[in-house]
Amino acid sequence: MPRITAQEIYQICEQSLPWAAMMGFEIAEIGEGTCRVRLPRSDRFLRPGGTVSGPALMSLADYGMYVAVLSRIGRVEMAVTTNLNCNFLRRPKPGAVIADCRLIKLGKRLAYGEVSLYSEGDEADGPVAHVTATYSIPPERDEG
Amino acid sequence: MPRITAQEIYQICEQSLPWAAMMGFEIAEIGEGTCRVRLPRSDRFLRPGGTVSGPALMSLADYGMYVAVLSRIGRVEMAVTTNLNCNFLRRPKPGAVIADCRLIKLGKRLAYGEVSLYSEGDEADGPVAHVTATYSIPPERDEG
Amino acid sequence: MPRITAQEIYQICEQSLPWAAMMGFEIAEIGEGTCRVRLPRSDRFLRPGGTVSGPALMSLADYGMYVAVLSRIGRVEMAVTTNLNCNFLRRPKPGAVIADCRLIKLGKRLAYGEVSLYSEGDEADGPVAHVTATYSIPPERDEG
Amino acid sequence: MPRITAQEIYQICEQSLPWAAMMGFEIAEIGEGTCRVRLPRSDRFLRPGGTVSGPALMSLADYGMYVAVLSRIGRVEMAVTTNLNCNFLRRPKPGAVIADCRLIKLGKRLAYGEVSLYSEGDEADGPVAHVTATYSIPPERDEG
(Lines give C-alpha, C1' and ligand atoms only; values in the text may rest on other atoms or scores of the structure.)
Protein backbone atom coordinates (compact mmCIF):
# COMPACT_ATOMS: atom_id res chain seq x y z
CA MET A 1 0.00 0.00 0.00
CA PRO A 2 1.34 3.47 -0.82
CA ARG A 3 2.45 5.51 2.19
CA ILE A 4 0.81 8.66 0.88
CA THR A 5 -2.49 9.34 -0.88
CA ALA A 6 -3.15 11.44 -3.95
CA GLN A 7 -5.15 13.81 -1.74
CA GLU A 8 -2.16 14.37 0.55
CA ILE A 9 0.04 15.13 -2.43
CA TYR A 10 -2.47 17.60 -3.85
CA GLN A 11 -2.44 19.25 -0.43
CA ILE A 12 1.38 19.54 -0.43
CA CYS A 13 1.19 21.05 -3.90
CA GLU A 14 -1.38 23.64 -2.93
CA GLN A 15 0.57 24.63 0.14
CA SER A 16 4.11 24.59 -1.12
CA LEU A 17 4.43 23.54 -4.76
CA PRO A 18 2.66 26.33 -6.66
CA TRP A 19 4.42 25.08 -9.79
CA ALA A 20 2.59 21.74 -9.74
CA ALA A 21 -0.70 23.46 -9.02
CA MET A 22 -0.13 25.89 -11.89
CA MET A 23 0.64 23.04 -14.27
CA GLY A 24 -2.55 21.25 -13.29
CA PHE A 25 -0.85 17.89 -12.76
CA GLU A 26 -3.20 15.03 -11.92
CA ILE A 27 -2.47 11.71 -10.23
CA ALA A 28 -4.21 8.89 -12.09
CA GLU A 29 -2.78 6.01 -10.07
CA ILE A 30 -0.48 5.61 -7.13
CA GLY A 31 1.14 2.32 -6.10
CA GLU A 32 4.20 1.37 -4.07
CA GLY A 33 7.08 3.00 -5.86
CA THR A 34 5.01 3.45 -8.99
CA CYS A 35 2.48 5.97 -10.23
CA ARG A 36 0.79 7.36 -13.30
CA VAL A 37 0.50 11.12 -13.49
CA ARG A 38 -1.10 13.30 -16.14
CA LEU A 39 -0.62 16.70 -17.72
CA PRO A 40 -3.95 17.95 -19.11
CA ARG A 41 -4.02 19.60 -22.50
CA SER A 42 -3.32 23.32 -22.34
CA ASP A 43 -2.31 25.82 -24.97
CA ARG A 44 0.19 27.24 -22.50
CA PHE A 45 2.44 24.21 -22.93
CA LEU A 46 2.69 24.24 -26.71
CA ARG A 47 5.78 25.10 -28.74
CA PRO A 48 6.48 25.78 -32.44
CA GLY A 49 5.12 22.88 -34.45
CA GLY A 50 2.07 22.57 -32.21
CA THR A 51 3.56 20.03 -29.81
CA VAL A 52 3.92 19.98 -26.05
CA SER A 53 7.12 21.75 -25.02
CA GLY A 54 10.07 19.87 -23.56
CA PRO A 55 10.02 21.72 -20.23
CA ALA A 56 6.39 20.72 -19.69
CA LEU A 57 7.35 17.07 -20.24
CA MET A 58 10.34 17.31 -17.89
CA SER A 59 8.18 18.98 -15.25
CA LEU A 60 5.65 16.18 -15.45
CA ALA A 61 8.39 13.54 -15.15
CA ASP A 62 9.93 15.31 -12.17
CA TYR A 63 6.52 15.53 -10.50
CA GLY A 64 5.87 11.84 -11.18
CA MET A 65 9.17 10.85 -9.59
CA TYR A 66 8.29 12.96 -6.54
CA VAL A 67 4.99 11.11 -6.24
CA ALA A 68 6.68 7.71 -6.72
CA VAL A 69 9.27 8.49 -4.04
CA LEU A 70 6.65 9.72 -1.56
CA SER A 71 4.58 6.61 -2.27
CA ARG A 72 7.39 4.66 -0.60
CA ILE A 73 8.73 6.99 2.08
CA GLY A 74 5.61 8.95 3.04
CA ARG A 75 5.28 12.69 3.49
CA VAL A 76 8.91 13.82 3.11
CA GLU A 77 8.38 17.09 1.28
CA MET A 78 12.05 17.97 1.24
CA ALA A 79 13.06 15.14 -1.09
CA VAL A 80 14.82 16.92 -3.97
CA THR A 81 15.95 15.99 -7.46
CA THR A 82 19.72 15.75 -7.86
CA ASN A 83 19.82 14.53 -11.46
CA LEU A 84 17.27 14.38 -14.24
CA ASN A 85 18.11 13.09 -17.70
CA CYS A 86 15.46 13.38 -20.39
CA ASN A 87 15.53 11.86 -23.86
CA PHE A 88 12.90 13.22 -26.24
CA LEU A 89 11.92 10.39 -28.59
CA ARG A 90 9.08 11.63 -30.76
CA ARG A 91 6.94 14.72 -31.19
CA PRO A 92 4.02 14.63 -28.77
CA LYS A 93 0.53 15.43 -30.01
CA PRO A 94 -0.85 18.74 -28.72
CA GLY A 95 -3.05 16.96 -26.14
CA ALA A 96 -2.74 15.46 -22.67
CA VAL A 97 0.41 13.63 -21.65
CA ILE A 98 0.62 10.70 -19.25
CA ALA A 99 3.72 9.56 -17.41
CA ASP A 100 4.32 6.10 -15.97
CA CYS A 101 6.87 6.24 -13.15
CA ARG A 102 8.73 3.42 -11.46
CA LEU A 103 11.40 3.44 -8.77
CA ILE A 104 14.37 1.25 -9.70
CA LYS A 105 16.21 1.71 -6.43
CA LEU A 106 15.23 3.13 -3.07
CA GLY A 107 18.12 3.54 -0.66
CA LYS A 108 18.27 5.43 2.62
CA ARG A 109 19.62 8.55 1.03
CA LEU A 110 18.88 8.24 -2.68
CA ALA A 111 16.02 7.10 -4.86
CA TYR A 112 16.44 6.38 -8.56
CA GLY A 113 13.77 5.66 -11.12
CA GLU A 114 12.52 5.99 -14.64
CA VAL A 115 9.55 7.63 -16.30
CA SER A 116 8.00 6.85 -19.68
CA LEU A 117 5.84 9.62 -21.14
CA TYR A 118 3.10 9.09 -23.71
CA SER A 119 0.67 11.20 -25.68
CA GLU A 120 -2.65 10.17 -24.16
CA GLY A 121 -4.48 7.87 -26.56
CA ASP A 122 -1.31 7.14 -28.54
CA GLU A 123 0.43 4.86 -26.08
CA ALA A 124 0.80 2.21 -28.80
CA ASP A 125 3.12 4.54 -30.76
CA GLY A 126 5.64 4.27 -27.97
CA PRO A 127 6.87 6.89 -25.52
CA VAL A 128 7.37 10.52 -26.54
CA ALA A 129 10.09 10.85 -23.91
CA HIS A 130 12.00 8.73 -21.41
CA VAL A 131 13.44 10.14 -18.21
CA THR A 132 15.71 8.83 -15.48
CA ALA A 133 16.01 10.76 -12.25
CA THR A 134 17.73 10.62 -8.88
CA TYR A 135 16.16 12.06 -5.76
CA SER A 136 18.02 12.86 -2.58
CA ILE A 137 16.18 11.97 0.61
CA PRO A 138 16.94 14.17 3.61
CA PRO A 139 18.60 12.19 6.44
CA GLU A 140 16.42 13.64 9.21
CA ARG A 141 13.19 12.21 7.88
CA ASP A 142 10.57 10.80 10.19
CA GLU A 143 10.99 7.03 10.02
CA GLY A 144 7.40 6.44 11.20
CA MET B 1 27.76 38.76 -34.62
CA PRO B 2 24.71 36.75 -33.52
CA ARG B 3 22.34 35.76 -36.31
CA ILE B 4 19.28 36.65 -34.28
CA THR B 5 18.47 39.48 -31.88
CA ALA B 6 16.88 39.31 -28.46
CA GLN B 7 13.90 41.19 -29.93
CA GLU B 8 13.37 38.55 -32.58
CA ILE B 9 13.46 35.81 -29.95
CA TYR B 10 10.95 37.63 -27.76
CA GLN B 11 8.76 37.83 -30.84
CA ILE B 12 8.99 34.08 -31.47
CA CYS B 13 8.11 33.50 -27.84
CA GLU B 14 5.06 35.72 -27.95
CA GLN B 15 3.83 34.09 -31.13
CA SER B 16 4.58 30.46 -30.53
CA LEU B 17 6.29 29.78 -27.21
CA PRO B 18 3.68 30.76 -24.63
CA TRP B 19 5.70 28.79 -22.09
CA ALA B 20 8.67 31.12 -22.31
CA ALA B 21 6.42 34.14 -22.17
CA MET B 22 4.63 32.76 -19.12
CA MET B 23 7.94 32.13 -17.36
CA GLY B 24 9.06 35.68 -18.03
CA PHE B 25 12.47 34.66 -19.34
CA GLU B 26 14.79 37.54 -20.18
CA ILE B 27 17.83 37.66 -22.45
CA ALA B 28 20.66 39.54 -20.76
CA GLU B 29 23.31 38.93 -23.41
CA ILE B 30 23.50 37.20 -26.73
CA GLY B 31 26.74 36.34 -28.52
CA GLU B 32 27.75 33.82 -31.16
CA GLY B 33 26.86 30.47 -29.68
CA THR B 34 26.68 31.94 -26.20
CA CYS B 35 24.10 33.78 -24.17
CA ARG B 36 23.06 34.74 -20.67
CA VAL B 37 19.37 34.36 -19.89
CA ARG B 38 17.51 35.14 -16.71
CA LEU B 39 14.54 33.88 -14.73
CA PRO B 40 13.11 36.70 -12.62
CA ARG B 41 12.08 35.99 -9.06
CA SER B 42 8.52 34.71 -8.77
CA ASP B 43 6.69 32.90 -6.02
CA ARG B 44 5.22 30.62 -8.66
CA PHE B 45 8.55 28.88 -9.09
CA LEU B 46 9.23 28.06 -5.45
CA ARG B 47 9.19 24.60 -3.89
CA PRO B 48 9.28 23.25 -0.31
CA GLY B 49 12.27 24.76 1.43
CA GLY B 50 11.74 28.12 -0.24
CA THR B 51 14.01 27.45 -3.22
CA VAL B 52 13.46 27.68 -6.94
CA SER B 53 11.99 24.42 -8.23
CA GLY B 54 13.97 22.07 -10.45
CA PRO B 55 11.58 22.31 -13.41
CA ALA B 56 11.96 26.10 -13.44
CA LEU B 57 15.75 25.68 -13.63
CA MET B 58 15.51 23.08 -16.40
CA SER B 59 13.11 25.31 -18.33
CA LEU B 60 15.52 28.20 -18.12
CA ALA B 61 18.42 26.02 -19.29
CA ASP B 62 16.40 24.68 -22.20
CA TYR B 63 15.42 28.21 -23.19
CA GLY B 64 19.03 29.36 -22.96
CA MET B 65 20.18 26.55 -25.23
CA TYR B 66 17.47 27.52 -27.73
CA VAL B 67 18.75 31.09 -27.73
CA ALA B 68 22.38 29.94 -28.07
CA VAL B 69 21.51 27.68 -31.01
CA LEU B 70 19.51 30.41 -32.78
CA SER B 71 22.37 32.84 -32.18
CA ARG B 72 24.37 30.69 -34.60
CA ILE B 73 21.81 29.39 -37.09
CA GLY B 74 19.30 32.24 -37.18
CA ARG B 75 15.52 32.00 -36.99
CA VAL B 76 15.00 28.23 -37.11
CA GLU B 77 12.08 27.92 -34.73
CA MET B 78 11.73 24.18 -35.21
CA ALA B 79 15.03 23.33 -33.55
CA VAL B 80 14.07 20.88 -30.79
CA THR B 81 15.74 19.41 -27.74
CA THR B 82 16.57 15.71 -28.04
CA ASN B 83 18.39 15.29 -24.73
CA LEU B 84 18.69 17.37 -21.61
CA ASN B 85 20.67 16.24 -18.59
CA CYS B 86 20.49 18.37 -15.46
CA ASN B 87 22.60 18.04 -12.32
CA PHE B 88 21.33 20.02 -9.35
CA LEU B 89 24.35 21.09 -7.32
CA ARG B 90 23.12 23.32 -4.52
CA ARG B 91 19.92 24.83 -3.25
CA PRO B 92 19.17 28.07 -5.12
CA LYS B 93 18.11 31.14 -3.18
CA PRO B 94 14.46 32.14 -3.70
CA GLY B 95 15.44 34.96 -6.08
CA ALA B 96 16.32 35.42 -9.73
CA VAL B 97 18.37 32.81 -11.56
CA ILE B 98 20.81 33.46 -14.37
CA ALA B 99 22.05 30.91 -16.88
CA ASP B 100 25.23 31.10 -18.90
CA CYS B 101 24.95 29.03 -22.06
CA ARG B 102 27.66 27.94 -24.45
CA LEU B 103 27.55 25.75 -27.55
CA ILE B 104 30.27 23.08 -27.49
CA LYS B 105 29.50 21.71 -30.94
CA LEU B 106 27.39 22.93 -33.82
CA GLY B 107 26.98 20.41 -36.61
CA LYS B 108 24.59 20.44 -39.54
CA ARG B 109 22.02 18.37 -37.76
CA LEU B 110 22.87 18.57 -34.07
CA ALA B 111 23.95 21.22 -31.61
CA TYR B 112 25.36 20.38 -28.19
CA GLY B 113 26.13 22.70 -25.35
CA GLU B 114 26.26 23.35 -21.65
CA VAL B 115 24.54 25.71 -19.26
CA SER B 116 25.68 26.84 -15.81
CA LEU B 117 22.94 28.27 -13.60
CA TYR B 118 23.52 30.65 -10.70
CA SER B 119 21.48 32.36 -8.04
CA GLU B 120 21.76 35.99 -9.09
CA GLY B 121 24.16 37.79 -6.81
CA ASP B 122 25.65 34.52 -5.54
CA GLU B 123 27.70 33.58 -8.57
CA ALA B 124 30.80 33.26 -6.38
CA ASP B 125 29.21 30.31 -4.54
CA GLY B 126 29.33 28.32 -7.73
CA PRO B 127 26.51 27.05 -9.94
CA VAL B 128 23.22 25.82 -8.48
CA ALA B 129 22.81 23.51 -11.46
CA HIS B 130 24.71 22.38 -14.56
CA VAL B 131 22.99 21.21 -17.72
CA THR B 132 24.10 19.63 -20.96
CA ALA B 133 21.68 19.50 -23.86
CA THR B 134 21.47 18.34 -27.46
CA TYR B 135 19.30 20.11 -30.01
CA SER B 136 18.22 18.64 -33.33
CA ILE B 137 18.28 21.09 -36.23
CA PRO B 138 15.70 20.42 -38.97
CA PRO B 139 17.36 19.58 -42.32
CA GLU B 140 15.11 21.84 -44.39
CA ARG B 141 16.27 25.01 -42.70
CA ASP B 142 16.69 28.18 -44.65
CA GLU B 143 20.42 28.55 -45.17
CA GLY B 144 20.09 32.32 -45.64
CA MET C 1 13.38 -13.37 -35.08
CA PRO C 2 16.60 -11.43 -34.58
CA ARG C 3 18.26 -10.19 -37.77
CA ILE C 4 21.70 -11.22 -36.58
CA THR C 5 23.03 -14.23 -34.67
CA ALA C 6 25.38 -14.32 -31.72
CA GLN C 7 27.93 -16.05 -33.99
CA GLU C 8 27.84 -13.17 -36.46
CA ILE C 9 28.40 -10.68 -33.68
CA TYR C 10 31.34 -12.65 -32.29
CA GLN C 11 32.74 -12.58 -35.82
CA ILE C 12 32.39 -8.78 -36.07
CA CYS C 13 34.11 -8.48 -32.69
CA GLU C 14 37.03 -10.67 -33.70
CA GLN C 15 37.50 -8.78 -36.94
CA SER C 16 36.95 -5.21 -35.89
CA LEU C 17 36.08 -4.81 -32.21
CA PRO C 18 39.21 -5.98 -30.39
CA TRP C 19 37.86 -4.25 -27.30
CA ALA C 20 34.88 -6.59 -27.01
CA ALA C 21 37.08 -9.61 -27.65
CA MET C 22 39.55 -8.45 -24.99
CA MET C 23 36.75 -7.99 -22.46
CA GLY C 24 35.48 -11.49 -23.13
CA PHE C 25 31.84 -10.39 -23.52
CA GLU C 26 29.38 -13.24 -24.04
CA ILE C 27 25.89 -13.18 -25.54
CA ALA C 28 23.53 -15.23 -23.38
CA GLU C 29 20.33 -14.44 -25.27
CA ILE C 30 19.38 -12.42 -28.30
CA GLY C 31 15.81 -11.46 -29.21
CA GLU C 32 14.25 -8.73 -31.34
CA GLY C 33 15.47 -5.51 -29.84
CA THR C 34 16.45 -7.26 -26.63
CA CYS C 35 19.42 -9.25 -25.41
CA ARG C 36 21.23 -10.47 -22.34
CA VAL C 37 25.01 -10.13 -22.41
CA ARG C 38 27.57 -11.17 -19.80
CA LEU C 39 30.93 -10.03 -18.51
CA PRO C 40 32.80 -13.00 -17.02
CA ARG C 41 34.64 -12.57 -13.75
CA SER C 42 38.17 -11.28 -14.20
CA ASP C 43 40.61 -9.70 -11.79
CA ARG C 44 41.45 -7.18 -14.51
CA PHE C 45 38.11 -5.43 -14.01
CA LEU C 46 38.31 -4.93 -10.27
CA ARG C 47 38.75 -1.63 -8.48
CA PRO C 48 39.52 -0.55 -4.89
CA GLY C 49 37.01 -2.23 -2.60
CA GLY C 50 37.08 -5.45 -4.63
CA THR C 51 34.20 -4.57 -6.93
CA VAL C 52 33.86 -4.47 -10.69
CA SER C 53 35.03 -1.10 -12.03
CA GLY C 54 32.60 1.40 -13.52
CA PRO C 55 34.23 1.42 -16.97
CA ALA C 56 33.83 -2.36 -17.23
CA LEU C 57 30.10 -1.97 -16.48
CA MET C 58 29.71 0.86 -19.01
CA SER C 59 31.56 -1.18 -21.64
CA LEU C 60 29.24 -4.11 -21.10
CA ALA C 61 26.17 -1.87 -21.38
CA ASP C 62 27.47 -0.27 -24.56
CA TYR C 63 28.14 -3.70 -26.04
CA GLY C 64 24.67 -4.90 -25.07
CA MET C 65 23.06 -1.92 -26.76
CA TYR C 66 25.10 -2.64 -29.90
CA VAL C 67 23.82 -6.22 -29.89
CA ALA C 68 20.22 -5.08 -29.27
CA VAL C 69 20.40 -2.58 -32.14
CA LEU C 70 21.89 -5.12 -34.56
CA SER C 71 19.22 -7.63 -33.52
CA ARG C 72 16.75 -5.30 -35.20
CA ILE C 73 18.66 -3.77 -38.12
CA GLY C 74 21.06 -6.59 -39.03
CA ARG C 75 24.77 -6.32 -39.71
CA VAL C 76 25.30 -2.54 -39.63
CA GLU C 77 28.71 -2.39 -38.00
CA MET C 78 28.96 1.37 -38.22
CA ALA C 79 26.14 2.05 -35.76
CA VAL C 80 27.75 4.27 -33.11
CA THR C 81 26.85 5.45 -29.65
CA THR C 82 26.01 9.16 -29.44
CA ASN C 83 25.01 9.29 -25.77
CA LEU C 84 25.45 6.95 -22.85
CA ASN C 85 24.24 7.81 -19.37
CA CYS C 86 25.13 5.44 -16.54
CA ASN C 87 23.82 5.50 -12.99
CA PHE C 88 25.73 3.29 -10.56
CA LEU C 89 23.25 2.02 -7.98
CA ARG C 90 25.07 -0.41 -5.73
CA ARG C 91 28.48 -2.00 -5.38
CA PRO C 92 28.74 -5.05 -7.63
CA LYS C 93 30.20 -8.28 -6.25
CA PRO C 94 33.61 -9.19 -7.70
CA GLY C 95 32.08 -11.82 -10.01
CA ALA C 96 30.36 -12.00 -13.37
CA VAL C 97 27.96 -9.25 -14.45
CA ILE C 98 24.91 -9.69 -16.65
CA ALA C 99 23.16 -6.96 -18.59
CA ASP C 100 19.58 -7.02 -19.81
CA CYS C 101 19.13 -4.69 -22.78
CA ARG C 102 15.94 -3.43 -24.38
CA LEU C 103 15.34 -1.00 -27.22
CA ILE C 104 12.76 1.63 -26.31
CA LYS C 105 12.71 3.30 -29.71
CA LEU C 106 14.07 2.35 -33.10
CA GLY C 107 13.84 5.10 -35.68
CA LYS C 108 15.47 5.35 -39.09
CA ARG C 109 18.42 7.29 -37.79
CA LEU C 110 18.46 6.75 -34.03
CA ALA C 111 17.95 3.89 -31.63
CA TYR C 112 17.39 4.43 -27.92
CA GLY C 113 17.28 1.86 -25.16
CA GLU C 114 18.02 0.93 -21.61
CA VAL C 115 20.22 -1.61 -19.89
CA SER C 116 19.90 -3.02 -16.37
CA LEU C 117 23.09 -4.60 -14.98
CA TYR C 118 23.16 -7.21 -12.23
CA SER C 119 25.76 -9.12 -10.28
CA GLU C 120 25.22 -12.66 -11.52
CA GLY C 121 23.41 -14.69 -8.89
CA ASP C 122 22.27 -11.54 -7.04
CA GLU C 123 19.58 -10.38 -9.43
CA ALA C 124 17.08 -10.25 -6.56
CA ASP C 125 19.09 -7.46 -4.90
CA GLY C 126 18.24 -5.20 -7.81
CA PRO C 127 20.47 -3.73 -10.50
CA VAL C 128 24.03 -2.58 -9.76
CA ALA C 129 23.75 -0.03 -12.56
CA HIS C 130 21.19 1.33 -15.01
CA VAL C 131 22.14 2.76 -18.39
CA THR C 132 20.32 4.59 -21.14
CA ALA C 133 21.98 4.99 -24.52
CA THR C 134 21.35 6.43 -27.95
CA TYR C 135 22.85 4.92 -31.08
CA SER C 136 23.14 6.66 -34.41
CA ILE C 137 22.39 4.48 -37.43
CA PRO C 138 24.25 5.41 -40.61
CA PRO C 139 21.88 6.53 -43.41
CA GLU C 140 23.58 4.48 -46.13
CA ARG C 141 22.82 1.16 -44.50
CA ASP C 142 21.90 -1.84 -46.57
CA GLU C 143 18.15 -2.23 -46.18
CA GLY C 144 18.31 -5.96 -47.10
CA MET D 1 48.84 22.68 -4.86
CA PRO D 2 47.31 19.27 -5.62
CA ARG D 3 46.88 16.97 -2.61
CA ILE D 4 48.17 13.97 -4.52
CA THR D 5 50.95 13.46 -7.05
CA ALA D 6 50.87 11.63 -10.35
CA GLN D 7 53.29 9.10 -8.86
CA GLU D 8 50.93 8.32 -6.01
CA ILE D 9 48.08 7.79 -8.43
CA TYR D 10 50.16 5.47 -10.59
CA GLN D 11 50.91 3.55 -7.41
CA ILE D 12 47.22 3.22 -6.54
CA CYS D 13 46.56 2.00 -10.07
CA GLU D 14 49.26 -0.64 -9.92
CA GLN D 15 48.06 -1.89 -6.58
CA SER D 16 44.33 -1.79 -6.98
CA LEU D 17 43.18 -0.45 -10.35
CA PRO D 18 44.43 -3.05 -12.84
CA TRP D 19 42.00 -1.55 -15.35
CA ALA D 20 43.83 1.79 -15.46
CA ALA D 21 47.18 0.04 -15.68
CA MET D 22 45.93 -2.15 -18.53
CA MET D 23 44.67 0.89 -20.42
CA GLY D 24 48.00 2.63 -20.07
CA PHE D 25 46.50 5.92 -18.88
CA GLU D 26 49.01 8.72 -18.39
CA ILE D 27 48.74 11.88 -16.29
CA ALA D 28 50.01 14.85 -18.27
CA GLU D 29 49.13 17.55 -15.76
CA ILE D 30 47.57 17.69 -12.34
CA GLY D 31 46.28 20.86 -10.68
CA GLU D 32 43.79 21.61 -7.94
CA GLY D 33 40.55 20.09 -9.12
CA THR D 34 41.83 19.92 -12.67
CA CYS D 35 43.97 17.54 -14.67
CA ARG D 36 44.89 16.44 -18.16
CA VAL D 37 45.09 12.70 -18.72
CA ARG D 38 46.00 10.77 -21.84
CA LEU D 39 45.14 7.49 -23.54
CA PRO D 40 48.03 6.41 -25.76
CA ARG D 41 47.28 5.03 -29.20
CA SER D 42 46.62 1.30 -29.21
CA ASP D 43 44.98 -0.97 -31.73
CA ARG D 44 43.12 -2.62 -28.86
CA PHE D 45 40.88 0.42 -28.50
CA LEU D 46 39.74 0.71 -32.11
CA ARG D 47 36.27 0.00 -33.45
CA PRO D 48 34.70 -0.40 -36.92
CA GLY D 49 35.58 2.67 -38.94
CA GLY D 50 39.07 2.81 -37.44
CA THR D 51 38.22 5.15 -34.57
CA VAL D 52 38.74 4.89 -30.83
CA SER D 53 35.86 3.00 -29.23
CA GLY D 54 33.35 4.70 -26.98
CA PRO D 55 34.17 2.59 -23.90
CA ALA D 56 37.83 3.60 -24.15
CA LEU D 57 36.80 7.27 -24.15
CA MET D 58 34.44 6.80 -21.20
CA SER D 59 37.13 4.94 -19.28
CA LEU D 60 39.57 7.77 -19.83
CA ALA D 61 37.01 10.34 -18.68
CA ASP D 62 36.20 8.33 -15.57
CA TYR D 63 39.89 8.02 -14.77
CA GLY D 64 40.41 11.74 -15.29
CA MET D 65 37.58 12.57 -12.91
CA TYR D 66 39.13 10.23 -10.32
CA VAL D 67 42.43 12.08 -10.64
CA ALA D 68 40.71 15.48 -10.44
CA VAL D 69 38.80 14.46 -7.30
CA LEU D 70 41.91 13.07 -5.60
CA SER D 71 43.80 16.25 -6.53
CA ARG D 72 41.46 18.02 -4.09
CA ILE D 73 40.77 15.46 -1.38
CA GLY D 74 44.00 13.47 -1.33
CA ARG D 75 44.40 9.70 -1.28
CA VAL D 76 40.76 8.57 -0.89
CA GLU D 77 40.81 5.47 -3.06
CA MET D 78 37.23 4.55 -2.31
CA ALA D 79 35.73 7.55 -4.09
CA VAL D 80 33.34 6.01 -6.62
CA THR D 81 31.44 7.21 -9.66
CA THR D 82 27.68 7.43 -9.16
CA ASN D 83 26.75 8.93 -12.52
CA LEU D 84 28.59 9.35 -15.80
CA ASN D 85 26.96 10.91 -18.84
CA CYS D 86 28.91 10.86 -22.10
CA ASN D 87 28.05 12.67 -25.32
CA PHE D 88 30.03 11.54 -28.35
CA LEU D 89 30.46 14.55 -30.61
CA ARG D 90 32.70 13.54 -33.49
CA ARG D 91 34.65 10.53 -34.69
CA PRO D 92 38.07 10.44 -33.00
CA LYS D 93 41.16 9.77 -35.09
CA PRO D 94 42.78 6.38 -34.41
CA GLY D 95 45.53 7.98 -32.28
CA ALA D 96 46.06 9.16 -28.74
CA VAL D 97 43.25 10.88 -26.84
CA ILE D 98 43.64 13.59 -24.23
CA ALA D 99 41.07 14.55 -21.63
CA ASP D 100 40.84 17.86 -19.81
CA CYS D 101 39.03 17.46 -16.50
CA ARG D 102 37.63 20.11 -14.21
CA LEU D 103 35.68 19.87 -10.97
CA ILE D 104 32.61 22.09 -11.00
CA LYS D 105 31.57 21.33 -7.43
CA LEU D 106 33.29 19.67 -4.52
CA GLY D 107 31.03 19.03 -1.55
CA LYS D 108 31.61 16.89 1.51
CA ARG D 109 29.91 13.90 0.01
CA LEU D 110 29.77 14.52 -3.73
CA ALA D 111 32.06 15.84 -6.40
CA TYR D 112 30.80 16.86 -9.84
CA GLY D 113 32.80 17.81 -12.87
CA GLU D 114 33.19 17.80 -16.60
CA VAL D 115 35.67 16.32 -19.05
CA SER D 116 36.40 17.40 -22.62
CA LEU D 117 38.13 14.77 -24.77
CA TYR D 118 40.19 15.54 -27.85
CA SER D 119 42.08 13.63 -30.50
CA GLU D 120 45.67 14.56 -29.72
CA GLY D 121 46.91 17.07 -32.28
CA ASP D 122 43.36 17.92 -33.40
CA GLU D 123 42.29 19.98 -30.42
CA ALA D 124 41.31 22.83 -32.76
CA ASP D 125 38.58 20.65 -34.31
CA GLY D 126 36.77 20.67 -30.99
CA PRO D 127 36.12 17.85 -28.55
CA VAL D 128 35.37 14.30 -29.72
CA ALA D 129 33.35 13.72 -26.56
CA HIS D 130 32.09 15.61 -23.52
CA VAL D 131 31.42 13.95 -20.18
CA THR D 132 29.86 15.00 -16.91
CA ALA D 133 30.31 12.80 -13.87
CA THR D 134 29.42 12.65 -10.19
CA TYR D 135 31.66 10.98 -7.65
CA SER D 136 30.58 9.90 -4.19
CA ILE D 137 33.13 10.56 -1.47
CA PRO D 138 33.06 8.11 1.45
CA PRO D 139 32.09 9.82 4.74
CA GLU D 140 34.82 8.15 6.79
CA ARG D 141 37.67 9.73 4.86
CA ASP D 142 40.76 10.91 6.60
CA GLU D 143 40.40 14.68 6.87
CA GLY D 144 44.16 15.14 7.21
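Think of it as A, B, C and D in the order they're written, each chain with its own count starting at 1.
Please note the rule applied: a contact is a pair of C-beta atoms (placed from the backbone, for glycine too) under 8 Å apart; a residue touches a chain by one contact, two chains touch by 3 or more.
All of these numbers come straight from a predicted model, not from anything done at the bench.
Shared contact partners of chain C and chain D, listed by label: A, B. Ranked by separation of Cα centres from chain D, the top chain is A. One finds 29 Å separating the Cα centroids of chain A and chain C. For this pair, chain B with chain C, the centres built from the Cα atoms lie 34 Å apart.
Contacts with at least two other chains are made by residues 83, 85, 87, 134 of chain A.
Touching chain B in their complex are the following residues of chain A: 12, 16-19, 22, 43-49, 53-56, 58-59, 62-63, 77-78, 80-88, 91.
Of all residues in chain D, only 83, 85, 134 touch chain A in the complex they form. On chain C, the positions that touch chain A within their shared complex are 83, 85, 87, 89-90, 104-105, 112, 114, 116, 126-127, 130, 132, 134.
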